[in-house]
Structures are given as structure tokens and as C-alpha cells.
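Please go over the structures that come below.
You will see chain A twice below: alongside chain B first, and alongside chain C after that.
Moving on to the complex of A and B:
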């Protein structure tokens, strides 16, 4: 699994969001105008204008008290209908989890920490998310089925307030469940795991570039035959280098004693056995690109499958040249620090990816990372509520629940990547899938035609290709509409002993939530406004 | 203002209102309402009558914006039916009291009060007042509505309809499911609302109830308006005369009949007037409260 947190580019994301939402809004507006035009002909403009004014009035006269009334009602409904019985399942899981998770010797190792923390956070997610999904999907449809909504919409409650109140109410239910479970889970972790193993490292990642064995820039290092291309390798005792550039480095990046902490997780690849009792060696070279100064730190052994911690003192003494350097003054320019890594052993290889070397800032308390991961679950939970409530404004409960579940499945990293490949398959010659789109693939399977064989040239196959193209365009649209949920998975950071980064996880999650919030609430509002609230 | 307390001002104006229910494919399924036109005037109690499926509830739901008209126009308190602002001055009691069954009486009224943006103190005061008005027993007020009888649910339904002190009250089958006492209370309440100058529009197929409280009625059948007018005028028998006197002896009755015959009258019926069953029931309950253990059996024995 790749673990490569990257900061979100906010401005391009905002630009993309505005264009996508604006485009969809324009299509909806034009379609509804055309449909009103067809059904009401001459009176269409007046009717459309009247409706638009009514909508604007609804938006302006939004009352927090009414929203809160619906939210409170929603919360009480869930509470009195015993939705909180989910705590019983949670309690049962935690009462007996220790039996199955402890090692045979009872000793807790860092690997156990990963398993324990993942277990707690996953359990919380898997209990909370289905609960809010079901509750939120059935709230409004049940209200319509039982006609209780008649007593609400015949009061001055706007449809928008009903949607917002429902979203807020179900979010509060989920928050209560999540809050209690996360505190219990945290207590369970700190009781099970020794405190020295519960760390929350704060990494500062840099950018990575490679030089090949001749010292020329290269897109990546050498592939040693691993089909997993996340890490690439530099060859030992050549000019091959992995060069990291860290930004925003200053005295604040040093600890109280003036040391810079580097931590790495390099992989060794031996092309011959060599001395198996000795680890491969690597070294760091600090470079000042402006002045050309450099300083090589003593060689260090690769710590296989474990992270290696290296301390770089602020005062660097070059015994050979009898010179002294100041780490910050001599090697940091414009806040940037460049570190070159080379492998020392001849014909051996050192594997690395961007997040494999980072500057380790002072650690935070474990609870800091843990509760940020809980916040990630909370944000995802609100997104689930939002999608389910929106779906429930125009679908019946079970269908709304199914739709939300499908969106969540498609929003997963693997599905998104697969959709990326399918969509790219049509536009990129190199990344393309063999065998064509849906209809072409079916044709090839049925006729046992090799995917590399060209299709015959005739109108039927041309139509088939265009139809496939249309379906791919539709998939492209789906891909834009389905949220990327990989950002919400913050458990991985905590279980690996990292803090949850704001710019590459919390911020994107919040932005995704906000990005969906506005169109979803508006869609829910219009869906309730244009439908007759009569149970059928 | 007329004798009934109604003014000429129309609170509800319906013009050529039609409603067609369609199936999944958009094909017409049922024409529930056909070119209905009527006005409801400020301060009157107006009854919409008709058998089941005649379009009464559909009309009410169209007025409230719960359904959209296929054709026609609705003005309610000077606004369109789709305008939410009109609801500020409307109270609505649905056919079944579709309330939230997991709330108790106070929570129910508090919830609906919030929807009118009322401050907490006003909500509290109004809730107490309305629960007293609808005579909901104090010990029942903290119980969830799912434990209520139909009559109790109806009472809390009325209370929620009046939470905003509305100008126009729409009641769908207000007396359905009520015992005779509740029925009487409901009718008294409607008359009381009328006294306060409020306009009441009610749907019902219980004709006696409508006759007791309504100033004007409209009778719908098959989605069409068949009869509309003042109740007293519609019910008046134009070619008959009724004389009511204190009890007469048989001889006096014969003498009166002779005089009537002399003037060419055809005497149709001479008997003692009877109270209606509702009056008898209310009297019995009242007596039972005052004299516990008393029993009257009309086969000649009493205890």
C-alpha cells in the first residue's frame, strides 16, 4: 500500500469545483426552463420567474430556530427509537477484542499498535457510518409515508430548513455515537498499549528527484524488478542520488538542543548476497544550491523494515577541510534545505519514495493524532448524512440507502483509480485498455476475438464505438460527481504513529464536505419543493 | 358584516380548480377535482361536504400546497398556495392527526411553536393554554403520543393547529374518532373560533356536525361542486310550516287541526318533539357525574 500524503492544491480545486457545480447548475436550469416551456408554453417565463423569486425568498428567510427545531426533532426521533442501541454492539466488541488481538506471549510490539489502533478506528467507522446511513435515508421518506411532514410544511417551515434540519439532526446523532465510542476506544488503547509505543510523529515531507548512475536527472530511480513501482532504487557507489528538498525550514524546525531530526524508511535491494551480517550503508549530503557548499554526514546502516532516526546537529564540523558550518545559515536558503542520499555499497541498491525521508518535528501526544482521525470519521459521517438525506428527498428510503452505499463504494480509492483508468483508456494511447468499451468488449468476448485484432470497418461497429464513447463520457461525469473518500481515511496515519496532516488530509476532507454540502442541500431543497408531499 | 359574523372579504378564492392524479408514466388516472370555484369569506365557518372520494381532502391539500393543481388558481389570504408565508396565519388539522408519536404533548407543541419562530416563553405559555383549551388531562401531557387514544391524539392535533393563533383554520374531518363528549367539545371549539372572528374551513361527511356549526356549505360529488349556499337556506322546507307550542291536550290538538284544515292546510304530522341522541347522551353523562350510581332504564324501572 502506498503511503504518500500530498498537500491539497486549494485554488485549482476551487476552480474545478466552481466549473463543475456551475456547469451542472446551468444544465439543470436550462433543462427545467425547457421543460416548463414545453408544459406551460406562453406562461412559462412568468411561472419560472415566480418560482425563482419564491426560491430566493426561501433562501433569504432561512430561520435558525426552525432548522434547530427539525434537528432536535430528528435527534429525539433517533434516540427514542433506540438507534443508540448500537453502543451495545460496540461494548460487546471491545469486551472480547483483547482475547483475539494480543500476541501469544502477551508482549505488545509496534506492529500490535498498528493493529490495535486500526481496529478501534475501523470499528468506530463501521458502526457509525451504517447507522447514520440507514437513519438518514429513511428520515424524510418515513415522514412522507406517515404524513407527519404535512404538519410541518403547512407551518412556515421552508423545504430548505427541513433538509438542513435533517442533516444537522442526523449529524448530531452520529456525533454523539462517535464521541462516546471514540473516548471509550481511546481509553481501551491506552490501557492495552504501553505509553512509550503510542507516538504521534509530525513529519515534514519534501519533494524528491533522482539522478541516474551518471549523475543526470532522471524521472525515477532503477526498477529492480518489483511490479510495485511505489519505490525506485539508486545504485550504490555511482553518481545515482535521491535528492530531497524540504521547504519552510527554519530554526523552528530544530529541537530545543538545536538538532534536526531526519527519519527514513529506505529499503535495501541486494544484487549479490555479500556480507549478510552487515547492513547496506547510505549517507546524507547537505547541499546549498546557491553557494555550492556541501557537507556529507557520516555513513549510516540501512535499518531494514524499521524506520531509522538520524540526528543532524546544527553545528557541523568538516574535519578534512577544517571548516565549521551552521545548518540553518549555511544550508537553508529561502527556507529550503536540500538533502542528497546516496548508497555506498557497490552494485547494491537502495529503494525509496518521497515519504521515505522526512524531517521529524517534536512529537505530539498520541491523543492529538487519534482524535484528528476521529474528526476524519466525523467529516465522512456528515458527508454520508448529507448524501443520504439528499437522496431521500426524491427516493424512497431503501433506494436512498442503496444509492448512498453505492456512492461510498465507488468513492473508495480503488474504484476511483479504476474509473480513472477507464476514462483515460479512451483518451490516452499509452494508458488505454485493450478490447475497447462495454459493447466492444462484449462483442469480443462473445466472438472470441483477440483484443489486439482490429474491428472490421462498417457502420455497425462505428455506432458501437460511438456508443462506447458516450458511456465513457457518462462514466467521466460519474467520476466527477462521486467524492474521493481516500482523504477521509486518517486511521492509517495514526496507526503508523503519525500525526494527521492538515493540508493533505483534514483540509481536503473538509473541502470535499463543503463542496458537496452546497449542491446537495440545494438539490434536496428543490427536490422537496417540486414534489407533492403525498404518500403514494 | 352579516348576521353570521362573516364579511364580504374572501379569505380563500378558488377558480376553476382541477386536479388529475397521474400514474407512473404520467397518464391520467383519476380526476379528483373538476373546475371547482368557490369563495370562503372572512369570519365564517365553511363546510366542504361529500362522500368518500368526492375531492374534499384533495381541495384542502391543494389549498395548503401539499398537492399542485393541474389547472386553476388558488388565492389564500391573498397569497398563492405555494407561498410558504401564507402558513404564518393558517392552522391545519389533518384527517388523521399525523403527529410525531415519539414526542409528548409539550414537546409536540414546542416543536410546532419553533416552526413559527416563537420565543421559548411564548411557546410555553401558549402550550399550557392550548392544552387546557383542548382539555387534555394534565397526567397525559408528559406521555408520548403513541400511548394516546384517538380522541387524545385529536385533541393534541387541534392544539398544534392553533399554536400560532391563526386567522384561518382548516380542519379535515375534525370530529372523526371522537366520542360524543369530544365531538361536542370540538363543535364548541369551532363555534368559539368563529366568535373570535376566525375563519374556519372544515371537511366532513358527518352531516349533523356540519349542520351544527357551519354557516355555509359546499357539497362535492365526483370532484364537482353540486350545491353551495347558507345552511339555513338550503335546509329550509319552502312549502311547509312548523308550529311549536307547549304541550297540548288531545282536545286542543283536535281543535288546532280543525282550524288548520279550515284554512286548507294538509296536516302532515302531529307528535311530541324529541331531543336528538347527542343531547340525550350528554345529559346522561352530565347526570352520571353529578349522581354517581344513578341509573335510568326506560322499561319502567329506575334505580
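Moving on to the complex of A and C:
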């Protein structure tokens, strides 16, 4: 597994949003008031009040009929601009996709499914997003340039309705394109890949804690030399354990025959070759923390880089002690089931991360996960439209397109991680971020100074550090308004055979869209309200 | 501004286009089989730069490069970033797909094929735990390099690396025992216990396939005049014969000591002395700083040198060069080994040592003692022959004999019998008494006979 889905916590997110949007709104209001105060002096309050009342009136008298009319107009415009020609590129890509995939023999194994599904979803998003980005960025600026906007603003349509209508219209164009492409893509996948390879697993994840080789609690297992610190390892034949706790476990977690399905993707690391004829072994121990009762399941071989499915029967028989246990009654307390994993082989290691062990619920149809991933692209597309239309209300077309593209690039996971490193001043919990801020980095690069060397102590460098601190704070502020787009990438779940989780992917995506919708529409409205429409 | 009408201007543009088309067509006219074509086609043909001259034509690769216009370098950079990320996060199949995209963009960049083939066969395979999985990735790497050769038929380097996978990765990896077996009986169910036809179409031993692939590399070097820069040429040209030696040794390891093994050794000796020994090597013979070169053969006698070289000074220099190159490739040792192993008594001695180990593993101690004694007695006689004296310091053979002595002594210990004061190969044991490397290897091999597989 390469992803670690974490459910979204709504309340802190809402609190954070309110504070950010409120703060920005306050800054905008105060700045506007000050600028009106400077330009109109005595009449400033009256003018500001009048404008505010006008805005409120616009908000109250919003007409869905007029919004819809602008949306229809936008749709027709896009159609006449031959936006649907994107289907030609799409068709070409799919006609020749087989050339680039499936290796030399073109044979499709379970391991190739990931590549095929990712290709389809990536192609769809790479074609639809630039299309809507360009269309939305140029819509309003073109209207202003051709003066056709006058035919709209002189009618009863209000500026807010124009912004909303544009957003809705471009979203509809994108939705049409996305809808057709996703259905064709789905048909292509179904035709190319045997149906038994297309799965949509529904996992229930737990929380994970580690015990070190002496049995003491540890923050993580051992690092066996991987650059990627996602997984950590437990040592075999010691007291090292990985302990998962699953919540909300009841009889509903079992299948119709009363079995619990555990699935894992543990990795093996050998400190010596050992018996190469067999894989390393692990076992599960079910623990009841209240009663101290435990039951160890038979050892099983690791199925590295693929998943190993283990069926735990409800009736557990302990032959040695001649006892019988009931999985739910004896091991689930307060809806919680604790599973301890240990490595059997001496001086060998098993690697694991939180999502590497889960309870597998009955599978859904592949189309369920696939179309949820398409919904993820749709939400992202609407966000792009929103940002581009907002940008186009105060910028010219190409600049608005550039702005939106930059926001999209900066919104990626890698960029956010990099900004986090810069803002927090460290690369990980233990390692500091070397090289300093903007000016310090420039100084070090120009003078070939090693990042580990301390800067000289003098007033010039002190000023430089303070300036860097100020710039870093500014970056922190910028970072808050750049959306985190990692949640929108749902293709990874589907391509790896999982359902798209609602609480850790769909919900955050929807919330981000909603979070941007309100300030963006308001910003677009105010920008269009104060913009000189005669100016091209 | 001019006074031309719109139509006149269009006609003028058309004429301009037609005039410019003439030299373009003349320069770029493709060859139709009868005529040589335009200047560009002729130059392409002269320097063999056409896609079909370099190797198989891949339409997808050409299409990708065309679509990217001049952005190929940028695209490759992005793909390598992606590749690195996928490698670090163990997304092996995604990484393989990225590799495919990279080679489509750079199909004639040999290092790309080399690096990615090596990555699949050596690095990726080592990341998997189950040996059949590891073997799958070794095959993927080998097949990838073979495709590289098909796309770059004139690449001596890539052909060498293909052979290298067959010889080194399958033959000498820690898992070589399994890999060699899988090479003839693939573990993937779809091959139903047979070979993977894409990897071993002729159902041969891996060393014999490696030999054939090395021979192809030497042929490319000769016919295409594309020298390799991996090894000294003397070592490079010795590879086919070395593979034959490896094959003969592998037969012994597999417990085959009959006619098949002796023939393999005889073939190896023949390849070594009759083929490789007569290869012409152009080597520097002058004093340092000069560029005097002579053609030598490792089978050259002093008389041959005298016949072919005029000045007496040069005779001495060339003779020294022949001697130096023989030392570099271990020429005498392999000749002696080939001669020795082709003999029936050597084969018998090996068989006895092998059987001693097998009996000992099964704790059939009487049979093991008998076989060990017969084996060490056999080698005692062989190694005392002056023509085979070089073998007294040959690592594999010495360790094989020392292990047999250890087994034989241990059986005495177990049976509470005193070890006779004099026994065969006692002198060899005494000779290598202080060699810690031998002691450690023998101890490890001894443990493997019946303890664990560490």
C-alpha cells in the first residue's frame, strides 16, 4: 500500500476555515474602507455603506433563472468555440494506448491492472482539466474585450449572477466532456481487463502501535535501510509486535458464514538468506485487553508486494488447552478488536504500516469505485472552473489561466510538503531543514557555502535572518489559501483495487470545494462590481 | 505597403511555397530502392542513421517522439523523477511502466537500456522475498535488455549485458541453484513446468545461452566495428570460453560427472585453447609513452613471435606481452584445469567427493567415509602430477578437497575412531593451514551439509 487514508475531522476543519476566511474578509474590508477613506475623505463612510447595501441587495435578489440563462449562454459559447474537439484527442489516445501498455507480450496480469486503470483516469483528468481551465479563464475577459458583456450587464442580470452562471456553465461543459470520457474509459477498461481482475475492496482500517524487541511501547518499528519511512519493521522471534486495534467491530463485520476476513500487505526483510524455499512467516494473536485472553492463529507465509488474505473463523478452537472461543464474544470488547502481529523467523523482519492490515468487507462492483474516482475529477474540475472564473474577473485571460495553473501545481502533495518544510523549518520530525530561508539560500548558493556551516555572526546576517523569517511567514499565509489537492486523487484507490473512502477522500474534496466556493464567488462578484468594463 | 490585391498576394505566396519546395524535395527525397534518394537520404544511408539501420522500428516510439516535438528531454526528466519516486515507494509495476515510456522516448540511448535492465534484473528482483518472484524480475530485466539489442542491433555493450544476465545473475547469484532450475522449468504456472520461450527458447542451460550471447557480442564487435569499453578486449573475448568452463563446473555442482561433464570440459578446453587462444589481440608493446602495437595470440610460441616480429628487441617485448596477457586472463590455470577435468580419473574423484557429501547429509556415515576417502585419494594422485601442480592453489578445488577431509575426519570423530597419522591430501591441508578464507568457507559449506541454510 502506498496511501494511508485518514478520516476527515469536520469540526476542526470548519473552525480553521472560518478563521481563515474571516481573517481574509476582515483584511479586505479594512483595506477597502481605508482606500475609500483616502480617495473620498468625508463621503467615504456614506459611499462604503452604499456599496455594502448594494452588495447585500444583489445577494438577496439572486435569481436562479438568470443564473441558469447565463450558464446556458456559457455552454453555447464553449460549444461554438469547438471545445468538444477534445474528444478527438481522447479518441486518438485510446486508439493507440495499447501500443504503450502491457509490455512486450501485451499480456494483462493482476499487477498490470493498476497501470491500465491509472492510465484511463489520468488521461481523463489531463484532458478535461486544461480544457475547462482555458475556457473558464478566457470567458469573462473575452466578453469584456468584445463588449458583449454589456448586453448582459445592461439587462437585469447582476454581477453575482454572471459569476455564478459562468461557473455553472463551464462546469456543465466539463461535466459533459467528463461524463462521455469516463463512460468510454470504463468500457475500455472492461474490454481490456478480465472481469475477475477488476475488484473494489472495501477495507476497514484500524489504528497501529508498535512494541520493540523487549516488548516496550515504541513509536515505530525498526528501519531496515529504506529511504521510504512509510513502513517500519518488527524483528522475528522477539517480543517485537505490531498491534492493530479495529473499532466498530460486530457480527456485521463477519461474512454470511461467520468468518472475519483479514487482508495484509506485509513486506519481508531478511538479514540473512535463510531458507529460501519458503517465505517468512507471521502470525496473528487475537487479544482481549480486558480479560487478558488471547488466541494465536496458525503461522502464515508473507505474500510480499501482493495481498495475503486470511480467514479467521468465528469459532476458534485451542487444541492445546482444549478450549473454544467465540471471536465476537470473547475478543471484541466495546466494539474493539485487537490483533497482534509477530514475525516468526529469527533475525528476520516484517515491514508494515497502518493500512497494511485491514478487515475486508464484501467487495463492491468495480464501477462503484471507478465512478467515485470520476466524481473526484469532477469536484476538482469545478474547483478549477471556480478559481479560473474568479481570476478572470480581475485579470486578463492568459494571466487568469496562468494563475489557476500555478495554484493547481502548488496544490499538489509534493509542493505542499515542500512548503511545509520551508514553513516549519524542518524536513521531518527529527531532521531540520537546512539551507535557511530565501536570502540565506541565495547567499549560500552564491558563496558555495555548505548548508551545515553556521553563518557568520554580524548585523547584516541578523537582518537577513529576520527578513527570511518575514518571507517565511508570508509563505505560511500563502500556503493557507492554496488548496490541498491530494484528496482529489482518487485514482490510486481504484487502480489498486480499493473503493474510494468517503470520509478520507470524497468528503475532504467536497469540503475544500465548498470552502473555496463562498470566498471565490464573493471575490469574483466584488471584482466584477468594481471593474471598469469599458477597459479592454 | 504594396498595391497587390488579396488574390495576387495569395498567388505570390503560393509561388514562393512551390519554389521553396523544390530544394526541400531534392534534399529530403526518400530512397525508393532504385535511386539513392535525396542528399539527406544518402547521408542517412552512408552513416547508417536510419531507424531500420539501428534496429527494429517501433512505431509507438516514433509517434511519441513526434508528438513531443522538441520536448523529449523535458519529458524524460519528468519520467525519471516519477521513476525514482515509484522505485523508492516500491511501486514496481508502475515503475516498469514508466521505464517503458522512457525507452520509447530514448530508444537508441544504450545507457538507458543498460541502466533500466540492470535495475529490473538486479535491484528490483532483490526487493522481493519469494525466489520465484525474484526470478520473474531477473527475466524481466533480461528480456528488457534483449529488446534493447533488437532496437540497437549494433550495440556490443547491450549484447554483452544480455549475456551477463544469463551468466552472472542466473549462474552466480545466491539463489543460483533455484534460478538455474527455473531456467529450464519456469515456476510461472502458464509455462506448465517448461521453459519461458521468450527467455530460453532453445531450452538450454543458462551458461550455454550466455556463451551464445557472448559470441553474438564478439560478432557485433567484429562485423559492426563497435568496440566495447567494459573490459579489456582479451577478457571480453574470453567470455564465451569462460561460460563453457562455468557450464562444466555447474554440471559437477549438479552432481553430473559422466560423459556429459567430461565432454563439457573438453569443449571448454577446446574453446579456450583453439578458439580464444588463437584470437588476434592488438596490444601495446612499446615502452611507456609510445604507441607501438602488435598483434598477438595467446597460443603464440616464442618461435611464432620470432617468425612474425623482425627486430630482436621487439621479439622480447612481444613475448613479454603474450606472457602478461596470459597472466591477465589466467590462461595457464584454465588450460591446466581443462586438461585435468577432461580426464576420467578427475571426474571420478569429483563424483566421490560429491557422493561423500550427499551420504553425509543423509547421515549414511559408512558410505560417506568410503566415498570421501576415494575422492581425496583420487585428488592426491592428480594434484601430485607435475602438469597439474597449478591446481594446488585453485580456490574451488582446494575448498572441495578440504571439505572432504573435514567430513572424513568428522566421521572418524563420530565413530570414536582415531584419524590415521597419514592420509591422502594431508600435505594440501598442511599447505593451507593458516588460510582463514578457506577455513571459513569450508566451515560454512560443512554447516550447510546438515545444519541450517545460513
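Just so we're on the same page, the second predicted complex is superposed on the first by the 511 of 536 C-alpha atoms of A that agree within 3 Å, B and C clash if a C-alpha of one lies under 4 Å from a C-alpha of the other, contacts with A are read in each partner's own complex, and residues count from 1 in each chain.
FYI, a residue touches a chain if its C-beta (ideal position, glycine included) is under 8 Å from a C-beta of that chain, and two chains touch if they have at least 3 such contacts.
Predicted model, so just to flag it, every value in this text is computed and none were measured.
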{"item": "Combined model on chain A: chain C and chain B, fit or clash", "value": "fit"}
{"item": "First, second, both or neither for A:272, with chain B first and chain C second", "value": "second"}
{"item": "Partner chain(s) touched by A:158 [first = chain B, second = chain C, both, neither]", "value": "first"}
{"item": "Vertex chain A; arms to chain B and chain C (CA centroids, nearest 10 degrees)", "value": "120"}
{"item": "Chain B versus chain C as contact partner of A:146, first or second or both or neither", "value": "first"}
{"item": "Which of chain B and chain C A:46 touches, first, second, both or neither", "value": "neither"}
{"item": "Partner chain in contact with A:290 - chain B first, chain C second, else both or neither", "value": "neither"}
{"item": "Partner chain in contact with A:115 - chain B first, chain C second, else both or neither", "value": "second"}
{"item": "First, second, both or neither for A:77, with chain B first and chain C second", "value": "first"}
{"item": "Touched partner set for A:63, first chain B, second chain C, both or neither", "value": "first"}
{"item": "Least Cα gap, in Å, left between chain B and chain C after the two complexes are fitted on chain A", "value": "22"}
{"item": "Where chain A meets both chain C and chain B, residue numbers", "value": "none"}
{"item": "Partner chain A, residues of chain B touching it in the complex", "value": "61, 64-68, 80, 82-85, 87-88, 90, 92, 94, 96, 98-100, 102-103, 107, 111-112, 114-117, 144, 160, 164"}
{"item": "In the complex with chain B, residue positions of chain A that touch it", "value": "50, 54, 57-58, 63, 65-66, 68-69, 72-73, 76-77, 80-81, 146-148, 150-158, 532-534"}
{"item": "Residues of chain C defined as touching chain A within the complex", "value": "59-60, 63-64, 88-94, 96-97, 100-101, 104, 127-131, 133, 143, 147, 174-175, 178, 198, 452-454"}
{"item": "Of all residues in chain A, those that touch chain C in their complex", "value": "2, 96, 99-101, 103-105, 111-112, 114-115, 118, 227-228, 230, 267-268, 270, 272-277, 279-280, 302, 304-305"}
